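Shared chain: subunit A. Partners: subunit B in the first complex, subunit C in the second.
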Partner chain A sequence: MLEPLLAAAAYLGQGVNLAYLALGVFVGIAFGSIPGLGGATAIALLLPLTFGMEADQAIILMGGIMGAVSIGGSVSAILLNTPGTAPNAATCIDGYPLTRQGKAGLAIGAAATSSSIGGVLSLAILVLVLPVAKQIVLLFGPPAFFMLAVLGLTSLTVAGRNMLRGLVAACFGLVVGFVGYDDIGGTTRYTGGIDFLWDGVSIVPLLIGLFAIAEMLNLYAAGGPISARDEAGEVRVVGTGEGIRAVFRNPRTLVSGSAIGTLIGMIPGVGGTVASFLSYSFAAQTSRDNENFGSGDIRGVIAPEAANNAKDGGALIPTLAFGIPGSAEMAIFLGVLVLHGIDPGPMLLIEREATIFMLILALLAATLISGSLVLFTARYLAKIAHVDSMLLIPAVITVSLVGAYALHNTLGDVVVAVFFGVLGFVMIRADYPRITLVIAFVLSGLMERNFNLSMTMFEGDWTGFFTNRTSLILFLLTLVALAVPAVQRLRARRNAS
Partner chain B sequence: MNRRWTSRWSGPVSALVLTFVAALTLWTAYGYNRLSGLFPVFIGWVFLALALAEAVRELRRLAGSERAGPVDGAKAAVLREVTGVAWLSGFLLLIWLGGFLLATPLFMFAFLRFAGGRSIAAAAAVALGATAIVYGVFAVLLEYRLYAGLVFGA
Partner chain C sequence: MTWRQQGRRLCRWLLLLLPLAGCAPGEDDGTISFDNETVTIVIPYRPGGGFDRAVRAFAPYYARELGTDVNILPENLPGAGGRRAATKVYRARPDGTTLGIFNLPGFVLPEILGEPVDYDLRELSWIGRIESQRYVLLAAATSDIRTLDDVRALPEVTFLSTGYGSSVLAAMQIMAEELGLADPDPIYLTGYPGTADVLVGLVRGDGNLSITPVSTALKYVESGDLRAIAIAGGDSNIEGVPTFAELGYPGLMALDVQRSLAGPPAMEPGLLEFMRAAFMRAVTDPEFEAMAARARLELAPLDGAATAAAVSGHYTFYEAFKTNLTNPNAR
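Up next, the complex of A and B:
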């Protein structure tokens, strides 16, 4: 384990790679600060820029973005009461009251420090878990991998607001994944007679469309400024040192937040918003002298911020070990791997250990650098959140379409990006989750391969999925996941009566 | 930010469209040979069942909302959504005809002037600046060959 770790550290330390990391951190903080953009949009937008890079350099750039986004989002949550990304919403509860009390520096210092430490702790857990996960991966056969992907998609939809729509979106994502020439059966599928689609739908224009373009259309349809101007934007950010010390005075809140974030991150689709709110409510319920929660308690900033950044380390466990992305960012990250010729399947953990350590180190460095950077630049970052959406929309759309074209120098990819942009926009407005579509699309190949292999193993008898022990356990877990919303509804009804 | 459609028809229409897509997926899958069609047929049936369930739920909801009366501001919201898609489609058409280096300044200028309410001078300056950045980053720095457009012989 030490050898690939050292090789990754030496590679990351090279000048040009540090520059990519810095670029990723800068973009991550900026996109995190602007409400409505976030990490997925940032990664999708920068994807085309990585075409000419080595795979590890692209991973460093993306690691820089992923490690910095959540810290950037905390600034606008604390200073403007507008969360930069959805998981930062829990930080508003106590962060903004602290700003109103003239303690913005205290909140920013605590947020940056707890976010950095939360990220570091979760990455440490990831490094400890990976060798175990490697052994587990080797025990899995095709039926278990197929059922694991089903479980991943199901838990994604259960975590969303509308399970049925999530499942429908997942099915659609799988169908999009079928498009193109099928090597096994020697047939072209779902191309509609369009030659361009023989190679299938490329992940880059799909991601650019579903995230970058769809968000811009939504911004346009919503109208008005991204974030209303507020006197908090002009606030003085002093006393960040006191915020840093506050984190170390509350180790219990910090550790529990990091643990909750890592655990929640491991469950595909549950994501940072649940992690940060759960961590906040845990801190509010279990802390002594908790009467100030909600009106400016610094522990109300430490808990969600630690969880928010810690979820990334947790989400990397299913992503790297099983090729099942835990969040939209992770799905796009798998897209980066595909683009650079790396198969994001379960063998990644076994065959490309150095690449994994590269990502872990990039995330670690990005978390620490962005935490320090935010301490000095918070006041200016708050101004970024006021950027005029009418300037942002055409700029992002232009870069998105040029980037989509640059993939294969074909206008077909631009059309695909526009198609998925409009589809993503419709999905936002009609309340269908885009993340399940993307993750199903990414998993489509893995699922079909393992389904076909399993059916061959079982000689066409599908009941084999239930006689294989691992596959049966995963199937039962899928049923449990599907039953969760019904149980919750039943419990709520019982409580109401 | 209002993330949901205000039109009460949007839910049922999208569910019915998805049901149609699911049925088409399944029907097409039966046309493939056994190896290529095995998994699409399986997913097709699951997709159809789920899309039908969603459509039934949405139609029942629609019946309930008709009793509740019309939604305020629905027309204006839908109009703005359609305008957004029209801007994007217009940009795509411009790219197809004139290529990126002509479409970018035209789209930026038109958007900033008519949707953003900027002055002619400000819109022109931003449009030219954005085109210079696109050219500098993609054509010069990254050495990508940008699409020249149908009019210019691409």
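Up next, the complex of A and C:
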């Protein structure tokens, strides 16, 4: 194992290859921080550039992008409550309240550090589990996927402050997720005869609306900048160092976030959004003194950011071993590999060990470089939060709507973004959790498809969910997630008495 | 400046721009040229899939054959199961600057299944076929299924497939009909998001059989996870695996998925011939063939006229099995 690793490191260290890596990191941060663009667009745009490169150089360039995208996305999530990429949405929950309290530096410091360490930990886990990667992937069949979706929805709903409002938001998210062509029943649902809705609502315009546009509407209603200036009227950005230290003071949150991210990343088709939300709700449920989650607890930034970068390491397993992309970026990355004559599949892990190490090293380097870049520039970036809303609102709304349009070059996505912008604003005002809506939306397809597949497999006998081992374990975890708040309440009552 | 003066100025600008309109492609002296033009190839799916890969690999070679400094722009336009892209190409100006890559029989099936579409594939100006991926019947390597006789002797057949309306499911239903797997009716486990997911499901043991395009399946056969039972087409390209025809089922020879290039209906004959000739030169370019081999494209070049005939053939073939192609899981 050591020989191919050293060879890959030596290759990566060559000048031209380092330049490709730097280019990837730069593009990754830029595209990650602008809502609607994201890593998939960046990879698709740079794909023609790789035609003249060696395969390993193309991998380095793409690794640079993939390693940097999520860190770029966390900056806009924290500062503007606008997740640059879908998996960054969980970071908004506590990141943005910290910005409003004037602690943007703290949040960015913690996000960049936990992202970097999460990425490193996940790659370490990946190297360890590579020999049994195939078996892990094969553990998850349709019943297990269904139960995983149930676990995700349950843990997020009970983690919120008001369970009833959480349930309403979750149900609405499921309904939105069911819009479009149902390829099992062979019918269209809730499309109103509009062709555009045939493929359902896309996650990117939905997120742009619910977060970026809704937040700008809310800011317009409130007036003034996102984060107030101090008494002397000065813009002061402090706390980056404190953010770094906060990560090391919460090793449990960091490690559990990384582990959840890697594990969820390994399961094909689940994706980073679920990973970061599950990691967040796990931290919110199991941490001591958790009453500040949702209103600016730094652990609420550390957990999803660690998971967010860790999932990339995990997602390499289904992508490389089975050719099943774990995310949109991975889907296009697969295309890049194939165009360069590298065929993802069961033989890849055995035949092209050096290629895999090259990718792992590129991801590792990109994670560390982009994390450091964000840390060094945090004090300047955070000043965005002090810009007057009359300047900020038109700029953010313009970028958001262009981002929504750029996704598929269709005005329909702009309409979706505006619709969810208004809905998001109403939800902010009425105190309904937007995040729960998003996670239910993300999980709806996974849940429905695998429920139908499972019921066909069991020939209509639902007890099959409890005879499948993986599914049963996930069901028991769901029960635990349901019991945790009750146990915590009991414990608090006992302590009070 | 008065309104009248402003109006005159605008008219002058418009007159200056007039020669630019309608200049694509150039036809000086009756010779057709795409020099310095941009040609868009619409891809009906998101980036990263087989269709996207075929276009992006082919584009530089086709651009070279179309003229000097021709820019071919791959445009991913997913939506409505590919209908959005097909409709865009169908309605585009027939000047050769908008082409599309088409999934056959994927785009034929909606019409056969009686779903409303805004295009007629038979009216398109077919430029040529890039790929033809034959279907292969697969079972898990750990199973006892080795031959078609084993398949026919199974007490219960569970096919794994992508969703209703997909060509994979249609191929399975046609095969079940031809092999006489009607007692009991096979179970169709449909709804896997992609063919790679189907194959992993088969390795895992979700069901016992599946059919997928050969390039996707080959790596699982080579790794020893899956076993190929029979393959469509005239001759086998997997060692030791017979074709359906050799096993006495010539009706299954035609099961494949093709990737062909077409422009809007009513392209001017001279222009169409020019684009077809450039296509054939590009698709048989040894450099492109080497690239295609690396990218595992199953090249099966066909000229425009033959491609148009193949499209009609798809209609005839699938029309014959129309009654077998209903949704197996409709409630």
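Assume the second predicted complex is superposed on the first by the 272 of 497 C-alpha atoms of A that agree within 3 Å, B and C clash if a C-alpha of one lies under 4 Å from a C-alpha of the other, contacts with A are read in each partner's own complex, and residues count from 1 in each chain.
By definition in this document, contacts are C-beta pairs under 8 Å (C-beta built on N, C-alpha and C of every residue); 3 or more make two chains touch, one makes a residue touch a chain.
Predicted, not measured: the structure shown is a model, and the values here were computed from it.
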item	value
Partner chain(s) touched by A:452 [first = subunit B, second = subunit C, both, neither]	both
Partner with the higher number of touched subunit A residues, subunit C or subunit B	B
Partner chain in contact with A:23 - subunit B first, subunit C second, else both or neither	neither
Which of subunit B and subunit C A:136 touches, first, second, both or neither	neither
First (subunit B), second (subunit C), both or neither touched by A:186	both
Touching partner for A:368 - first (subunit B), second (subunit C), both, neither	neither
Partner chain(s) touched by A:406 [first = subunit B, second = subunit C, both, neither]	first
Partner chain(s) touched by A:255 [first = subunit B, second = subunit C, both, neither]	neither
Where subunit A meets both subunit C and subunit B, residue numbers	51, 184-186, 409, 452
Residues on subunit A engaged by subunit C in the complex (per definition of touch)	40, 44, 47-48, 51, 137-138, 141-142, 181, 183-186, 195-196, 198-199, 268-269, 322-325, 328, 331-335, 338-341, 343, 345-347, 408-410, 449, 452-453, 456-457, 459
Residues of subunit B defined as touching subunit A within the complex	1-5, 10-11, 14, 18, 21-22, 25, 28-29, 32-40, 42-44, 46-47, 50-51, 53-54, 57, 77, 80-81, 83-85, 87-89, 91-92, 95-96, 100, 104, 107-108, 111-112, 115-118, 126, 130, 134, 138, 142-147
Touch list for subunit C against partner subunit A, complex	46-49, 52-53, 56-57, 60, 75-81, 83-84, 158, 162-166, 187-194, 196-197, 199-201, 203-204, 206-207, 216, 219-220, 222-223, 225, 294-296, 327, 329-331
In the complex, subunit A residues that touch subunit B	36, 49, 51-52, 164-165, 167-168, 171-172, 174-175, 178, 182, 184-187, 189-190, 213, 217-218, 220-223, 388, 390-391, 393-395, 397-399, 401-402, 405-406, 409, 411, 414-415, 418, 421-422, 425-426, 428-432, 447-448, 451-452, 455
